[in-house]
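One structure, pasted below without further comment.
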């Protein structure tokens, strides 16, 4: 098999930027910013090439496979050493490609959003690009080992980005972040080790083959109970990342305390890694158990939706509203998963991408508003639409997208997720649909109060968007609308991958 | 009739234990270093004993002990140098007072 | 009781005695001297184990170089060359108990393990011991050997650098 | 000429194009913005009229679909469809929106954000046209929501007024409640019929493949959507508040776009309703109740626009009532009333807008004697009132007469009573409105200076006045042109299929009664408000609570506020505390625990190397114990 190095190039291209930045003198602030921002174009362009070259009729593609580490595990009958090979395996399919592309887009836009950063820029951009490596890697890794490696690699930069460049209570938020995610990672690692010890492989494709094929000799090693336990462990580990209801409080702190570009990245992509992992590893490997568990998935999804929505209606800080809204929207992803049919999965993946774009847009705007007014408290704002019509307009559009307005990406995803779930659990789905009303209530309340209404005198002279701010806004809104109007752009690459996931799920097909 | 391997091992064990005790209780850093040398010697003794009486007798054990010696020599050289530097700065070779990294 | 046993007995007695004396003496110089005896006797044990080359190295490196180096160290830091008689009995007791426990367990381990019969040990081969070592070092272990020489060089430079008086002092 | 139907998809695209142009260059265009909007509206109006004529001539309905999205085997398509119903809707929408846009050019002249205003108007027109052109429910839903958003934007156009903002928010949220019902219905239909297409769904329903309860459920859920959009009880509360928007917008919302969507939805999915008598009954009773309920509230309102708003709710109830009693005549009557109502309600709103523009108040009791000052407006308003009151030969008469006769044909006595009483109430409060505004003495300075608006505003008034008179002739009992047109397609077939026996009972006396009842209402209003022969307070005084009940719209707003909004906030606060203290507290506990353990370990890190060594030794000894007690490690064989 010919190795395709494009994914590796995408993943490790930020390394080049890091090296260049290391040799740039600290004083050259402008140069550092330029390198930091332009550097993100490298993976972006390559991701677009990947998107253009993506073969809709194939599943896994852009595969790269190299020998990497060999762990001796003992002697065989002939007395020669046997090795357990850990390969360097990258590849991408319809489920990860949209997320990779999303990462590249948000990566660039958040870097543009970092233009306002002031302190210790060089370190900032180095960490930022390190974070990019981790995120690209998570979505292109094709075995548990690499996945975990990249998964962990994202933690460290975020910890520092949050702890050094955040707002007032940044250190507490950073510690909380690390504590929670550390626990999640520990559980994840244990689950991975359990899988690896039992099945002697870490490759995604082989694992799926073994686990979903009852005739496979290795498959019998895992009893259904054992698998169920593994699935629940994975659910908890990824649930912390997602985050699922009782594990969400770290994410609130991060959203409030982190600098705007980091929040963009965090809520747009890092949260998605949890859902992606749940799909790729949890549901993909343990379809029967996932099916068994699907009622709980739906219940947790509903709790997330309503809990997030109700809490978002009483928050005073815009960032908190958005944070809770993320919880609520992630509930929709769970509903999509719970459907266990192709429509639901498609809805969940759409929701991941869509929420990524929308939350990036909204957080970016909140950052811009904070920049101008020094506050993000709803009651202290109001009427800024007078002086900032463009930003306010985009904010409103983003908010409408977030509440699932047709014509924008949010609608497609929520519609598909609910539609999928209606096929499986109509009652849960109907309750979930009612969540849309709650979403409307909190989104409108927050946006209208913050942006519209009478203008206090101290907010009358605010500058509207500068070009550097307008670019991300326009691009994000454009993509959101594009997906909303022509969802095939996202759904066509997905089909083949869904084919490989859904048939193994018991019960109704799609 | 030759001396059994257990006797050598016993001697090495006693040496090791004495060295360990010294390393844990003595306060003069030089003596601590000496105790560590003692422990290393005990290990060497084991290696050489196994080179002759081990399951697979081979010259390797002797080679290993040679390497150990070399490393030990290097270690002592650097250790003494560190001690002297430390003494110059802090006027002491008392291990109890060497906790700068902590404070 | 063959001569070998006698030699072994004497050597090991001296070895252990030197070590114990090293621990119990109070003057630091005495300690070093008694340790020198231990090192020498260990060299004797090496000879008994057909490791002549290692024995010679032992005498050169340990009894010679290291002991002297230690003496230099003591001289250069000579201020309280007497091991202070501090009240550390509790620590000593705990250390002693733990060391004793270690001793007991390892001893039991040694006793419990089956050992190959010393009589079955192969007779020394025709080649002389240094030749054997030389062959092994320069064929199979050539890279570690080179690395070790590098290590020595680094240690040499490092030791000089550190022990050197800093400028202006 | 038949091919003109192929270009139907252009109709909504003109306003969409105008919207895009205005969004991109609106600020540069400034004054020209209105021209862009009007031009686009005019183009689509012309095309819509041509297509309407074609369809009326009996051109076959047309449907074009393209693939939109694939979900494995499921293909979702989008496209457009032209049939008699939506051809008529297109005519209504494009005519009214063109006239409203022309009218707004003058009305909004002094506003700073004219381009934004026209953006919204164009988007609104686009969404509504696209809604009626949709060939399937999913596409309909998409534009359904867009219509909601546009009305939200327009109601909240004066965003610095908190009231406008709240009204906009309320409109959006309340209609969203209905939308969710519709969404659920659409998805359920998909799972039962495997398609979003109307035709597929109707086919499946007709074949009886759906369980009856499921048909009922989906029909009712669709109706919930219509209830939200068309302001039926109990989701009507947003509509009066929506008066916070500029008056032309109210005309647009109430006549042609937003609220018509609900009625259109029920009409478009009519075969589904025909299959479920329960659903039809729910529609009929909800409609009837809403009609009388809103009329009762309308009696005591003092804001000119609010009276009109409640009259809209009431008339929409009428339409629903007509649709609910079913039969060929009921369906036609409902659609027909939608048609005539669009024109006279737009007329009433635009005329009211002229009044407000002139006197800068909306309070009825601040007006009076305006007929002399503003004759054109006054006459136009009078025509509107006569039409809505159902006085022949104005359009309202024909459509109302048809509704009443449909109810009579269905032999629903209770509904008939409701319909007739509502006729009385309607003519009473409409003429109360007219007399208070246009007759009597001028109350304030502003009124004496008031005059008719300029030609730009007058022309739409005149056009609408003409339409309000003439549109009724389209479907007279002896010349049912509209009925023949509307029932020509599939819907007519399914109606005849569903209830073949429901023949129309002609009852000429009924029409006389309804006219007399209506006249009675006018006379009563005349006696109270012009002659002052009867005190206006003759009911209010002895029964003040009754008056207050009506004036405050039966306290429904308050009930929602304290029954839903406040508890929701309360729950939110409680959950917030829960989140903050319980979950946050647990997290704090975990952190404290970890910190405590860490502190304990930190004490071990004394920096004393020998202590470390000791601990290492301890570990080794423990390990040794572990190993030896586990049976020992064997060396060698």
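The first chain written gets the first letter, and so on, giving A, B, C and D; residue counts start at 1 in each chain.
What we mean here is this: a residue touches a chain if its C-beta (ideal position, glycine included) is under 8 Å from a C-beta of that chain, and two chains touch if they have at least 3 such contacts.
Quantities reported herein were computed from a predicted structural model and do not represent experimental measurements.
Looking at A-D alongside B-D, one finds more C-beta pairs in contact between the chains of A-D.
Chain A and chain C have CA centres that are 59 Å apart.
Put simply, the C-alpha centre of chain A and that of chain D have 37 angstrom between them.
For this pair, chain B with chain D, the centres built from the Cα atoms lie 90 Å apart.
Inter-chain spacing, taken between the CA centroids of chain B and chain C, is 6 Å. The set of chain D residues that touch two or more partner chains comprises 610, 614, 617, 635-636.
Across the assembly, chain C contributes residues 91, 95, 99, 102, 106, 115-116 that each touch 2 or more other chains. The multi-chain contact residues of chain B, meaning those touching 2 or more other chains, are 20, 24-25, 55.
Counting only pairs that meet the touch rule, the chains in contact are A-D, B-C, B-D, C-D. Taken together, the chain B residues at the contact with chain D in this complex read 20, 23-25, 32, 55, 95-96, 98-103. The residues of chain B lying in touch with chain C in their complex are 1-11, 13-15, 17-22, 24-28, 30-31, 33-35, 37-38, 41, 44-45, 48-49, 51-55, 57, 59-60, 62-63, 65-67, 69-78, 80-85, 87-88, 91-94. Interface residues of chain A facing chain D in the complex, by the touch rule stated above, are 175-176, 179, 246, 248-250, 307, 310-311, 313-315, 342-343, 346, 383, 385-386, 400, 405-407, 411-412, 415-416, 418-419, 422-423, 426, 429-430, 433-434, 436-437, 440-441, 444-445, 448, 452-455, 486-488, 491-492, 495, 498-499, 502, 510. Listing the residues of chain D that touch chain B in their complex gives 605-610, 613-614, 617, 635-636.
Considering their complex, residues 91, 94-95, 98-99, 101-102, 105-106, 108-109, 112-116 of chain C touch chain D.
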